[in-house]
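Order of writing sets the chain letters: A, B, C and D. Residues in each chain are counted from 1.
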């Protein structure tokens, strides 16, 4: 047999439990490489980490490099550490050809003989190194001359551990999403998780779509905000418009929510709500002028809970509070998401995927939607840590709020 | 222009409101016929019926006949009434070639100069005339020599009126099904509808799948039975098995419903439940022996609510109570459905479509499922009067039961 | 009985066939009004219009007015025609309180004793009257002092006729959407419809999402553009990025489309494609520089087919060609949609609903998506004329293109 | 710390690659046990097996036993092998209380100092030992006195290896199912897999629902049968009825498949097809009498491909060929499935889940359905090895057949 090109890598952590080793072996085999396990120490107790030293063999230096680059992304590191390669950005908003494209996992770069943490971690971005710090940077923020990491060397990725110890919500559900689960029990678990996260001072961000209002769950969300369980709200124009229609006119899509009758000229209520905000000048001015006295947006204003309304192509209006430029909206979303411990995404694929793209992989994400493909799609887009709950928002959220109210007492 | 072949038909009822006339005009045009409206009296008030006399023209006698046959199915009748044509069945379980295939609408046949009501109305069956009565008859019950209606003459079909007067549940939802509706309000409406139907002495039949148990809604259904709101339960093996697993072992698919932990050897519980029924001999014997003391099946036995468990190819076991022969199961289902005023179908496509096939079109049908295509499919299969509610059974049914309990007080 | 408040209305058109009368009667009854049909002339032949004169009665003048306002929206007009009421906009981007909110149906206003057509028809907007013309106007384009129609008087709405004569695609499918239809036949019909529309000089606009590329259907769309069947493309960042990834690197989401193997460092390809456009400056510059030589975007540039890429919150990049401000993107979409005869929406809920909102009700809309709720949601949002095809885009579009290629020969 | 109750287990195979070890560690931790890895040899090359020796610790003997029982099910075996425990069945159709409930994995029992393979492996059954052989046995076939395995000792379960070596279809798709995959490529892979399986003499069974006919894919399936790629067909009444309606009358649900027009009295065609089979006596007699000359059922008869039609509660008719007793139908399905290498399940949840229950875990299963929850549900029910393809059957199957025809040449 021909000469082998080989390289030694090592990897540590909960290798078996968190599937890290499985993924590494998968990659080597998918790319037709070979491997030999040199050393393997398995954590003998639950909390112990495992360690593996593996020699990877390729058919050529290039083949070997390709395999190495792929396994580095999954948490492997070279035994002999090499410094990252850097190249300057040739122009504003242009990365060097061979730029390193980020994952949403915790990442470090080996720079000047030290491991430097990449700040502001998100997926599908590049890494800019500046005065001994490393920043995860979107392409549109790249400036000519920024020194950008290229290739895959000198990079250490740490996939998050799977949450363990006792049956918690995330374990309970498995990795998948299913509608065949005891709904009331799940609502209780979600409530406990919110309550506990908040008690420990964790930041909780809500991402929501208008179906919260259509399905009659807006009172539940307003209550959560009122009681201090939500630290920020990320949404679009529609959630705000429908919330304000419901809060000021009592209707959702023109139907009286109280008794299900059709409101007179109810078809106008949607536009009427939009007009009333323009008339006041903004949502917070509506609250000041006592034109808006309840609901999700009202509680946000009253409790100083920041909200960001990102525009979308399908907006009616949109409201004066809506950020119509996506570059600005993305930046504001990202600011609000900083240091979030838990993100609850409800009935909105657009804002959920957008938010998922901005989150590091170790933030807890709960996605609630009645449509299973929506949940699947979010996970397929890389937010694989998400816990998917396929349920009816209008019935589920009131249960969660009830459970939280029990916990408060 | 060539000679026209024409025939005068008439039709009465809520022609416009119930779309009867729209359908008749559609058919004529789809079949490239022509028509002239000779007379048209529109009901001047809500309760008044409308009447229309229309001349239909075809390109040949055969073409005309084809159009006539199609419009008769939608409620039109020939001005000059002709007696139905009858032919004997050539063999057991064989209908004459030109047999009339039924709809699920109220149907009469013109026989010996009188309109005779067809009994036991279902769709896709034939009509057997015997000693001046007419019976809707499935092919497997046809006996050699039975006189069977052939062709489309002498038949009067009366499509049901759309329910009117005040905004009731059925109007509220429109014809379609959607997940974007105020869930709590709908639960209230369904509760009122059940309560009112029962108060008026109407028979209510529940058709249910195992997701009732998986999603944690079995206590709600058990309560409805206990309080006398359900007159019969139609299901399969799985609902009973899961209900008994939950009632005797506290688990659903091996998970402790109380606290969401995995039960020790929980994977066996499903089969354990089946074995325990075989050991007792039957479900009612389990109740007698106090081996089963709560749940849906228990309440059925205790309240003498008849239940029919129809087998299916995917059954584990199945339980001794399950009818494994489909011909027998269909007959038992049909018996139980006799005179039902309302049928509530929950989270089971198989049993829902089966039941839908057995129901005349004027029985109220409520379908609850989290999967929209399931609801759509039921309607596409001919049970178009069904009200589809796309929701999470595990959150929705407890709401309905709560609302009913409020109404009782 | 108390004195009745009444008013005479009239309505004409294909009243029965297009359900106009059914809707009017529905509204009167839902609002607890009464009516008497004074005159009713039914079109005696297929092409004849019907006419009805109806007296509507309410319990008070206000009740009557409410009913009248609702029926006017469905096509009824007052026997005694009154001029529209106008009020000035109190501020920029603020409509007068009682503004008339538009439908997407053809609309006229009775102004200075004449019926004036409202231009640029869309739903959920207001109507600005200026120098004897009337313009459908979004709230953000309202200027202080604009004279805006208020109330519901003097407005004539004409719902579109249902397409008739021969079994065409729209009839064939019925009003609903279903996955249980002969796919190959539907593909043939869609192809014929595209071919015929184009032959008659009709403008066809394509609205598409990235699943076109993921499912392997981009060659089919590129071919349609190349052969001149598509006059404009409306999309977002993702379709362009994935198309360019596929065209330049041969992968979709990092997988080699040719043989299904994973590309080396394929996860970067998505960002690599984005970077290459930034490097070139724009998509059309990529084509000029021969860096992009095939695919959907390439064919658009080469054939001078205008494309508008609207930004969204979830964009990676986005590409320099993407309009990141939604107000601008909406305006550009609307410009491109002007005079479109047919709009084909493929696998994108966001852009489809956005486009639907901008279209008058008489434009043919075909929606193709594998997820039934997406199709339903579009229709629920008001684009009820849409023909929904629930299928796999990756298998369906190649069939459509094949059929069109047969028609060309 | 208190005294530990401990036991040594060992496990071998592709422990990491096939997630066996991950599952074992999960179970121990979920059940609050502890473990120490004593020995761990990792396969150094792709084909090498790994081996682990682990000491498991519980809080009490009972706790330890519970953990052991759970890990044995995942492939672990006790270091000191103990013979299985056996108890007689107390009655016909009653298992002893502590019966061992099977998985669908390859299973052996340690009996008389030897490992004995359990024959006829299926999930959720018991194991009967008879004259040194072990049989997987459904509860209804248990006879009084049968010696049945109880407890979890002396049982060795071997989870199947994940298919490896080169990117094959099963790897390509990952474990999940998604609609966002290149359809034409997947069709090609499926075709290659069918072709290769057949070439190697492997038995291929098709499980299909009526949507094959409704979506216009029946010609494709008929062709596959004709060319010898299908060894058996498992279906229900509906597939046969619709196939025969289409083959004899040219319609599907009353619509002419050729041109999409509505057939005259087309609503009857469904029942007409059923009647024609009753008239002939059976499907094969229809073929003999040349009343049926094409289609899926015709090809089955002509090519002597066995078909089993299992009845269901929703059947019209059902046809004389349909097995209406589920116990018999299950037995016949099982017979036909014997030694199958590949099972293709198309657009039928009922028959797919039923078939899945009867299959050992190492049979290749491909599930094709347009509705993602259907695919998910099958996997949730235990047929986790299934490859789910979310696509439109009417467009996908013709592609598969085309690809196979290319391979034949």
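The working rule: contacts are C-beta pairs under 8 Å (C-beta built on N, C-alpha and C of every residue); 3 or more make two chains touch, one makes a residue touch a chain.
Since this is a predicted model, take the numbers as computed values, not measurements.
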Going only between touching chains, how few steps reach subunit D from subunit A? 1
Going by the average position of its CA atoms, which chain sits the greatest distance from subunit C? D
When C-D and B-C are ranked by contacting C-beta pairs, first place goes to C-D
What whole-Å value do you get for the distance between subunit C and subunit D if each is reduced to the mean of its CA atoms? 45
Need the CA-centroid distance for the pair subunit B / subunit D, whole Å please. 32
Return the distance between the CA-based centres of subunit B and subunit C, expressed in whole Å. 36
Two-or-more-chain contact residues of subunit B, please, as numbers and ranges. 30, 167, 179-180, 262, 371, 373
Looking at which chains touch, is this a line, ring, star, complete or other? complete
Note which residues of subunit A are touching subunit C in the complex, please. 30-31, 66, 69-70, 73, 90-91, 93-95, 97, 99, 101, 103, 124, 126, 139-140, 152, 236, 262, 264-265, 267-268, 270-272, 274-275, 278-279, 310-318, 320, 324-327, 329-330, 333, 349-351, 353-354, 357, 371, 373
List the residues on subunit C that touch subunit D in their complex, please. 167, 172, 179-185, 187, 189, 211, 214-217, 252-253, 255, 257, 259-262, 370-371, 390-396, 398-399
Mind pulling up the subunit B residues that touch subunit C in the complex? 16-17, 19, 21-22, 25-26, 29-30, 32, 34-37, 40, 42-46, 52, 164-167, 171, 176, 178-180, 372-373, 376-377, 380
